[in-house]
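Shared between the two complexes below is chain A, which pairs with chain B and chain C, respectively.
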Partner chain A sequence: MMIKYAVTLSRISVVENVFFQTRRYSSTSKRSLSKDQYNVKRGNFKALEPQHIQFFRDLLGETRILTGVNNLDKYNEDWYGFAKGESSLVVKPKTTDEVSAILSYCNKNLLAVCPQGGNTSVVASGVPVFDEVILSMELMNKIHKIDDVSGVVIFDAGCVLENLNNAVSEKGLIVPLDLGAKGNCQLGGNLSTNAGGLRLIRYGNLHGNVLGVEAVKADGEIINCLRTFKKDNTGYHLKHLFIGSEGTLGVITKIALQCPPHPKSKNIAFLGLESYDKVLKTFKKAKFDLGETLSAVEVLDRESVILTEEKLALRSPIGEYPFYLIIETSGSNEQYDSEKMDKFLEISLKENLILNGVASSEPSKIKNIWEIRERTAEALRHDGYVFCYDFSVPLQHFYTLVDLMKTHMGSKSHRVFGFGHLGDSNLHLQVSVREHTKEIQNMIEPFVFEKVREINGSISSEHGMGFLKAKYLDISNHQSATKLMRVLKNVMDPNGILNPYKVIPY
Partner chain B sequence: MARILVGVKRVIDYAVKIRVKPDKTGVVTDGVKHSMNPFDEIAVEEAVRLKEKKIASEIIAVSCGPAQSQDVIRTALAMGVDKGIHVEVSGKEYETLQPIHVSKILAKIAQNEKCDMVILGKQAIDDDANQTAQMTAAVLDWPQAVFASKIEKGENEITVTREIDGGLETIKCKLPAVISADLRLNEPRYATLPNIMKAKKKPITKTTPKDLGVDVAPRIKIVSVEDPPVRQAGVILPDVDALVAKLKEGGHVP
Partner chain C sequence: MMIKYAVTLSRISVVENVFFQTRRYSSTSKRSLSKDQYNVKRGNFKALEPQHIQFFRDLLGETRILTGVNNLDKYNEDWYGFAKGESSLVVKPKTTDEVSAILSYCNKNLLAVCPQGGNTSVVASGVPVFDEVILSMELMNKIHKIDDVSGVVIFDAGCVLENLNNAVSEKGLIVPLDLGAKGNCQLGGNLSTNAGGLRLIRYGNLHGNVLGVEAVKADGEIINCLRTFKKDNTGYHLKHLFIGSEGTLGVITKIALQCPPHPKSKNIAFLGLESYDKVLKTFKKAKFDLGETLSAVEVLDRESVILTEEKLALRSPIGEYPFYLIIETSGSNEQYDSEKMDKFLEISLKENLILNGVASSEPSKIKNIWEIRERTAEALRHDGYVFCYDFSVPLQHFYTLVDLMKTHMGSKSHRVFGFGHLGDSNLHLQVSVREHTKEIQNMIEPFVFEKVREINGSISSEHGMGFLKAKYLDISNHQSATKLMRVLKNVMDPNGILNPYKVIPY
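After this line comes the complex of A and B, so read on.
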């Protein structure tokens, strides 16, 4: 077994926990504070005082609170380097009752709270802007029940996605969500942002897969909607309030998730194509030919793959092409699924839709191929300052937006590139610059958001609005919708203590 | 130009979690994904590179095992191997197939095919034996260069850099020879779609140990296969004093 392990380590850049491995925190971080960089006015909240800290110390004990702004870079700074707060207190509850006590106390004392999961948000949802109390969910990580008959799994919101997936796979199930940050992101955070991920085309989004939640309101009241049925029409579907609201309406503490059976067979193809037009034609063919087995369709442009090669030494297995597609199928019949994929690839090659490609059903090779796509986010961190965008756009405009930004930025950008979940029209547009300046930011925003609106797209597909996009909510939403959001926020959190400055324009 | 024989073994894929059978007679293989042994992939890649450099004229891949072993032969063919030989061994016979048997099979095929180079993976990741290359060289009475991280062909000889405990060792040996591939010899290519299509037309010959005159009766018996002991979970301690106390309690410090 030792040699087997050595092979794995030497031949694969291990994808698990890449987020953790590449984080660099230091107490002397030079990063400027979000409040200064984005010119934010502090809300009408109280500052933390010694008696507040004593309350949390009495409630949680010495080992479950962290104090002192200089020790908390890991919690104050987001993974990408977009935002930095100055909280001097992190609290780590282990139970829903403790979350309730914390929020109740903060609400009474007008202390703002920033709920935090794995801190892998791309829009700075999970880091404070000022001195909010950081409510870290990392110790709420128990799996309460795995029902391998119904596929219902009940667990705490602080469970790490990869750990949960490992646990359910022992019972022949799979978590219907998969993303590059799986080694660090927590399910509570995934729900809060309604994360989409790589297999949404197959399993649908979290609004459909989450059967129930338990959440705590700003005043500490525990809302129990922890149902375990697919069908339950007893009044308003309150769980949906907490999915996608980024911790602004309540803190999710427990989740009931529908997990499908683990597929018995998996096939992957990594394909090289000469144009975006061919990408669309191949995607259409894949939908028709692969049908119910299709589980992921990802597109990358040449620049994306060059980036991962340059920064992480992850090479394309087929050399350079203008576009790449990753197509994955999963099913229950290995022979049938493989034949289906083989036939699709053979015809696509004959019809000149694809120029080249590799295909495999071997878990090790599947993992290696997925790394090229999954670790793009990690590669971005080594490429200067990157403006990351996450749009839902009609497929015919998917890449015109990237070309438009290339022209718009000219020599001001280091590189402009795009990749994303073609299967659900989700483009990740990236603009990489040598360093962040106000001038460049103003050149990109709101220009890029307005262009998305012009093509009837959404300015946030799966990352949420967070802090970075909050002020642009009205670009994508009708004013009446934003107005209703404010009403809802005021009802659920009248003092506005939950994740202030996020989602709704501040 | 050299004719090269490569050995390709079908093993449980290295990304799969290994499970021991409840009766401890072996590991669970039913319904478990298999692939080519990673060291054998390196051996195939090296052979293909030698052919691309016009040092080799033909490459033959051999796999001993059940019908599914043809999958790894097909992979080798798609990587650039010219033809495959499937030595059919199945059922109980396959479960007890050992390096001594495989080396005799490979030696016989190397002679039949008039090969002057045999390149094998240094070991298989399932049994970790690291014996087949050495035994094949002994059966053929050919020189051996094992744990190769670099191969250079000269006039009727090869220069091989070997990975040894103390660092690297460079040796020269006459051809014909047996080489075993180490991890750093190369980075194997993926079989591309056009080559996968072409591989379907390449020939795979079937034979048996009996046809080759090799007796595969088991020489050793596996008594028991067990999981490695589970590592105990750590504990988080509040301070240094508690840590020292814990270490003393466990007898780790005086």
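After this line comes the complex of A and C, so read on.
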């Protein structure tokens, strides 16, 4: 039964009933090692010897190294359960000079290194594949400067996104990046993977918002391009070498970020729609009617919401629909912004674009609605093994890809569903199965990547290539681009010690 | 006499009296060659021989090559009159394959190449220094695709900015870049110099807005990274190598750009203020009160406006003040946006932040006000020889630098004045003198650059390094960054044929 949406938009309280669990980050059952699971060959690196460990002990002290492969699950296994390495050493620098000393030593001694942030990568970008030394950035988490007039914020790469956002909020600013993993992910990892997230539609991407970085090359040389201006054209824009190269060209140690003013008013709408066609029409309308206030347009299909209901006991506040849209606006005038949103919803309802919805400008309710979208990743962890994909797809093909995969998988899959950042053409396609098998993997890959190529999509929208997608790079990239990537890798890291087996086909 | 600003903001008509000349782009008096003026040594390139010219004639036909050093002033001399080369060959490709063939041939034959867009560089980035072959992009000006739903626009690098903006406007979009030279500058040049311009505060920079580029390396290899998604993380983000490297790492041939919806309503205010302190306070207020609608904050000092009055017969619509601010908003709701602007101005007047002002939402008046700011560069050409600087400066030091230079120059200069993009901390400092002499040049440089370094500024905000600033790169950059730049140059263009004597110290 469709409950007609109240035109006057009695800003509702249904959402309050939603029940929230705390986040759970415990590691799951025993996983097989990546090298066995993915049949990958170890590079020609030296194995760790006692004198190497002694060097790191001398450099960092006893408390900032962790040894013994059996104690390091938290660092060896990725959060989603896709990959598992067998590193027996984690090192935790606190300063750029320490990062430099570590890399310089590893480079000279041909020890492979896996830089690690919050370990929330969806493509196993931040865990070792074999016995790489894990360079954990978790202790480099100082915030150095927040300038509330210019909006320039300078901090260490190991800062957790949510912590940084809390700190800048106190000064009236907002971090122009927001994603589900914010409680764990680190900014250094966000930059290294060029994370996109929920509010890219409003604030743009990290290549645009990062003012400067300090990074350490494989040989330990510190590259200081920690510039602090929006406009700064003094030579090549080197920082972009480190943004999105997933730690394979250097380790980011410090960041200068442009943070916009914290919006004074927020509005959110959670809408039910009957078809993807209506989703697209509503999006177009939102883009033109809500204009500069639009800060997020997220889509979820029915299955995505059912999953969070089943696994996390979250509840849709409006009952069941084939599609849901979350539309958020952020502005500087509470009254105008609410009026704008209400008018947009009123017309959308009148024009039969949407079937039902709730809207709110209350922070607690806004948070509740966002949890339905943001905790999808967490729910996935409780649904057997899930093949997670992250595509950029021309909008007209956005959902046909999900339908195609449903047909393709038939009874072999448990669920096939899609959600994502519609405003950025970014689809998260999910295929969950009872158990990971080679047969199912071969059924899905490279089939799904080839389909994406056929519709001129991108096989990695915001997650990066990491370990899981590296071998499919040539499906997406032109040969000339891959060739130039190899040239850069070779010149920046001739021994290949930085995050091997990631990004570039191994 | 200060005319109090009407609180009710009778949206005024004074601006109509402003008289506008047509733009003049005739070349000025005989200039000395850059090699003599700047004492620079020619690189070890081959000189052009008849068989080389025959190759280009065969490739492009008679009509697409220009020969003879005496006929090529338009291409050899920069628009401002800072530099003059002595090339005797201009080639005009129409396709990427032709660009590839040209570069491949030049690379094999060790012929230096100067890629040229609209020749509007302020640092002589686009003119030859010696006898480089001029690769003019002016015939590569096709627009390939305008997608009015996604906002993705694909076009050739030789498109003139204003033409592209007119074309996308017809589809309800706007090019997220606007600058005074828009009638002449080409997008390829804009990208190569990472142009900033007037509306960066609203739409962000080119590193954020460019989705993909196709470029040709020095050896003729075509690098296709013409991606078309806002989020696309498939390997290294190679396009950034070409954005801002001023044609020294490759020649951009095609561009995919994200264009936002054309704003439905615009408002502009032209304000008179009594001090820089008030300018800064008004800016802070605008940032927080006008929030997401703010699309430009420009500052001009009294001298800047006097110059356009004297040289171009433009007139300030509000009489004479020590400082002027142009504040523009762009939004999606005419009524809300005008109300917001009016309220902001009303309070600013009440709080004595501003002394006088005019505001308008009529397109013709908005255009008139913009001309006062945008034609400053043109006015400069009629004011003897002008040393033009383009700094990013922490806001608290923004205007003290102008005052410092006034004192430093004393009677040696004709005028010292400043204007610029306050919203981006971007100051255009100008020192005009009756005639260029070595003595005056040595009085200004490197003095001014060192002062900028002392206040942690950037010696090139949006203009790039080009030929004029290249030798000062080390004043601004850390050695490690310059070293890495040289490594990249060497690996991308081992013979150094691409735009020699530019960006990197020669």
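Please note the rule applied: the second predicted complex is superposed on the first by the 477 of 506 C-alpha atoms of A that agree within 3 Å, B and C clash if a C-alpha of one lies under 4 Å from a C-alpha of the other, contacts with A are read in each partner's own complex, and residues count from 1 in each chain.
Simple rule for what comes next: a contact is a pair of C-beta atoms (placed from the backbone, for glycine too) under 8 Å apart; a residue touches a chain by one contact, two chains touch by 3 or more.
Being a predicted model, the structure only gives us computed values, none of them experimental.
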{"item": "Partner chain in contact with A:Gly464 - chain B first, chain C second, else both or neither", "value": "second"}
{"item": "Partner chain(s) touched by A:Lys264 [first = chain B, second = chain C, both, neither]", "value": "both"}
{"item": "Partner, of chain C and chain B, that touches more residues belonging to chain A", "value": "C"}
{"item": "Partner chain in contact with A:Ile318 - chain B first, chain C second, else both or neither", "value": "first"}
{"item": "First, second, both or neither for A:Ile53, with chain B first and chain C second", "value": "neither"}
{"item": "First (chain B), second (chain C), both or neither touched by A:Ser364", "value": "first"}
{"item": "Touching partner for A:Leu404 - first (chain B), second (chain C), both, neither", "value": "neither"}
{"item": "Touching partner for A:Ile143 - first (chain B), second (chain C), both, neither", "value": "neither"}
{"item": "Which superposed partner A:Gly291 touches (first chain B, second chain C, both, neither)", "value": "second"}
{"item": "Residues of chain A at both interfaces, chain B in one complex, chain C in the other", "value": "264"}
{"item": "Residues on chain B engaged by chain A in the complex (per definition of touch)", "value": "13-16, 18, 31, 33-35, 38-39, 123, 125, 128, 183, 189-194, 196-197, 228, 236, 238"}
{"item": "Footprint of chain A on chain C - complex, ascending", "value": "149-150, 172, 193-194, 196, 200-201, 204-205, 207-209, 217, 221-225, 227-238, 240-241, 243-245, 249, 261, 263-264, 284, 287-293, 330-333, 336, 340, 392, 394-395, 421, 424-426, 456-465, 473, 476-478, 480-482, 484-485, 487-488, 491, 503-504"}
{"item": "For the chain A and chain B complex, residues of the former touching the latter", "value": "1-4, 6-8, 10-11, 62-63, 264, 269-271, 317-318, 345-346, 349, 354, 356-367"}
